[in-house]
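When the chains are written out, they are named A, B and C in that same order, and each has its own residue count from 1.
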Amino acid sequence: MARPSRLLLDPLGAVGGAVMDIATHLGAVVTLLVRVLRSLVPPRFDLPELWRNLYKMGNQSVPIVMLTAFFVGGIMVVQSAVFMKRFQATSLLGWGAGYSVLREVGPILIGLMFSGRVGSNNTAELGTMVVTEQIDGLRALSIDPMRYLIVPRVLAMVIMLFLLTVLGDLVALFGAMLFGKLIIGLEFGVFYAGLVSSLGVSDLTHGLVKALVFGLIIALTSCHFGLNVKGGAVGVGRSVNSAVVGSALGIVLSDYFLTYVLT
Amino acid sequence: MSDMTYTSGGEPPLRFPKTVLFKVGGATFGMVDALLEFLRVLRGTIRFSIWGKRPKGEVLNQMYQVGNRSLLFVCVTLGCLGMVLVYQILLQVNRITGDTSQVGAEFIKGMVHAFVPSLTAMMIATRVGAGIAAEIGSMMVTEQVDALRMCGVEPIEYLIAPRFIATLTMTVILTVIALAVAVGAGSLMAWGSFGVNPAVFLSFDKVTPGDMITGITKAVVFGAAIPVVSGYCGLTTRGGSEGVGSATTRAVINSSLAVIVLDFILSALAYFFLQSKGL
Amino acid sequence: MIRLKGVHKRWDRPVLDGLDLHLERGVVWGLIGPAASGKSVLLKTVCGLEKPTSGEVWVDGQEISGMDEREMMKVRRKFGMLFQNNALFDFMDVGQNVAFPLVRAGGVDPEEIEERVASRLKAVGLSGSERKMPNELSGGMRKRVGIARATIASPPIVVYDEPTAGLDPVTTSKIYDLLRAIQDQSHATVMAVSSDINALRTFVGRIAMIYQGRIIYDGLESELDGCQDPVVHQFIRGELEGPL
């Protein structure tokens, strides 16, 4: 059953193939972005669809994001507790948790969970529509799938991830505060003081700009893989898989560049 | 007539609590059912992984699949994250104390017991977890799983157990590789952007046996949770292409969530039983 | 050989609603019915792939509805099943697919397996395709591989779920010829479900119709035309007017 490893037999070809593959997908995603932007100026898309998608995506992701954020706050505290204790610097806990949650951990983990929940669901939905020829059906009724399906979804995802990141940051900081009290007995007041004294608006905006970019990446990637499903039910599963992987890769790589650009 | 208006007006407040109760009740039953089914899959996976018979070479094949799918992905993502973390930390250290001599040692310590195991597992959950659910889900909707059962094969033994052993082993291996990549990339970043000498940065002095135990335990537990959660999502696939899509979605989200919750629990345990005792 | 007593199965609605059935050894039994009338569920209940909500399912003198998965595995060895969409294992080649039931049953040495796979593939008209992958085959060829896999272990009961779905009329006739040839040799008990009534009638000796989870007709194929039940009457003639 084992297939011979291309990576071993033909390493150049394998890497080259992977690069070509990524380039093809990247090209298609950029094209999709251009088409989305073109239908935004002047705005030509289905507004009720946007509301419906916002509602649905919020419904899907708010509980999971809050749960994630709560535990992430806890993890930040537990993992830095030993460090803070060693340096007798527990008062810095609020600052440490706030800094890492707002700038990095919050946007990235909330982005990954959003991609897993909403992005992959979007790919599955669009993919099923492709497989069952519903997109062709829309075209036959002379409804532009771009305006009716894609643009509302892309907008909804960008808006929703931004709002969720704001909410998630709050929940994560609350979680950090709570577990700081429970685990290392740090008073709420001390945590809060550490939080507000050394964190600026720039730390918050840093994370929120990232959230906007992540939202756009997740939206475009998931729509691209959904629209390009081939081969029935098996193909839908495969596309969902590629979409979440592509989104995760996009999130991490863009995080790297954004960190540079934003400081 | 007036009677009618009264009844139809009075109906919604009467019906409301009933539907809510119904829904809550239904959801609770659904959750209990799902939990029982999940425990059945978990028990079966462990039992068959220890005593089951597997087609020859299937575990190796699956290990190869897991490695092939995720090695590059894990290396790129963890490399980037390592660099970003070092960048953010050094930015702050430069602002406050300016003493960068301890940053490398503390960074590596944090990588070993905290960041690398959980972030690698998140990536594997995305890549491998979704793959397992998509594969098994596709086999469910094309009735291949039923065909296996008709041939006297227990799907958990044949499909999940090899993936369980393979994912568990490969998660540990990939975590070690990811650690090397993240630390290497971080050290390059410290050297390139802040001029911290790699000889100073790459110090393992602060890494205690407790950190190593914590890191490896996390990798093992995450590596065990991902295939079981994803396999369960695959085996509960219903319906056609929609079903496969939603199984894959559930696998990503549930295994990522499992990693986060388990990370919290294991970190708390490590803090209480190892770190606070100075290990 | 197969006996169902008062079998009920419900998900959110009743799918099988108090079903009784008795099949003697060697009978070739066909089942027809409108979409979503419970045909596939009935087959899966008999094979033990679905558990009935209540009622008894007897296979070869054993009551299977109360069995756990491990006991059930032994009972399932008595069945050969052709699935609606063939359910060929797409990670195995044709030869491995056909050999699979023998390999799993154990006790047959590899050379004999190879021989039996070759002769089975020859019988279904696919000599020498052992190394092909299922996705390289046409619909009719995949159906033949499915039939070869279902019958290779000479099971006493063979179940055909929609053996000709999605095939053209000529291929349909060829498949039924093949099923007849296999049946003449094996004399197994056969259950066949199909929505292509006329083609199915050329194959079976006894035919039944299921409607809303109940069997409303069960008798000789030759007597089906004389049935006075208005639902059966309308269904086999494809009339627009009637209770359906």
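By our rule, contacts are C-beta pairs under 8 Å (C-beta built on N, C-alpha and C of every residue); 3 or more make two chains touch, one makes a residue touch a chain.
The structure displayed is predicted, hence computed values, not measured ones.
Graph distance from subunit A to subunit B, where chains that touch are one step apart, equals 1. Comparing the CA-atom centres of all chains against that of subunit A, the greatest distance is found for C. The chain occupying the central position, as judged from C-alpha centroids, is B.
Per-pair counts of C-beta contacts peak for the chains A-B.
For the pair subunit A and subunit B, the distance between C-alpha centroids works out to 16 Å.
Once the centre of each chain is set as its mean CA position, subunit B and subunit C turn out to be 41 Å apart.
Subunit A and subunit C have Cα centroids lying 47 Å from one another. For subunit A, the set of residues touching two or more other chains reads 1, 234. Among the residues of subunit C, those in touch with two or more other chains are 90. Within subunit B, contacts with two or more other chains are made by residues 142. Against subunit C, in their complex, subunit B makes its touches with residues 142-144, 146-154. Taken together, the subunit A residues at the contact with subunit B in this complex read 1-2, 5, 7, 18, 64, 67-68, 71-72, 74-75, 78-79, 81-83, 85, 99-100, 103-104, 108-109, 112-113, 116-117, 120-121, 123-125, 127-128, 131-132, 183, 232-238, 240-241, 244-245, 248-249, 252-253, 255-256, 259-260, 263.
Interface residues of subunit B facing subunit A in the complex, by the touch rule stated above, are 55, 57-58, 60-61, 64, 68, 72-73, 76-77, 80-81, 83-85, 87-88, 91-92, 106, 110, 113-114, 118, 122-123, 126-127, 130-131, 133-135, 137-138, 141-142, 240-249, 252-253, 256-257, 260-261, 263-264, 267-268, 271, 275-276. Contacts from subunit C toward subunit B in the complex involve residues 44, 47, 49, 69, 73-74, 76-77, 79-81, 83-85, 87-90, 100-101, 104-105, 149.
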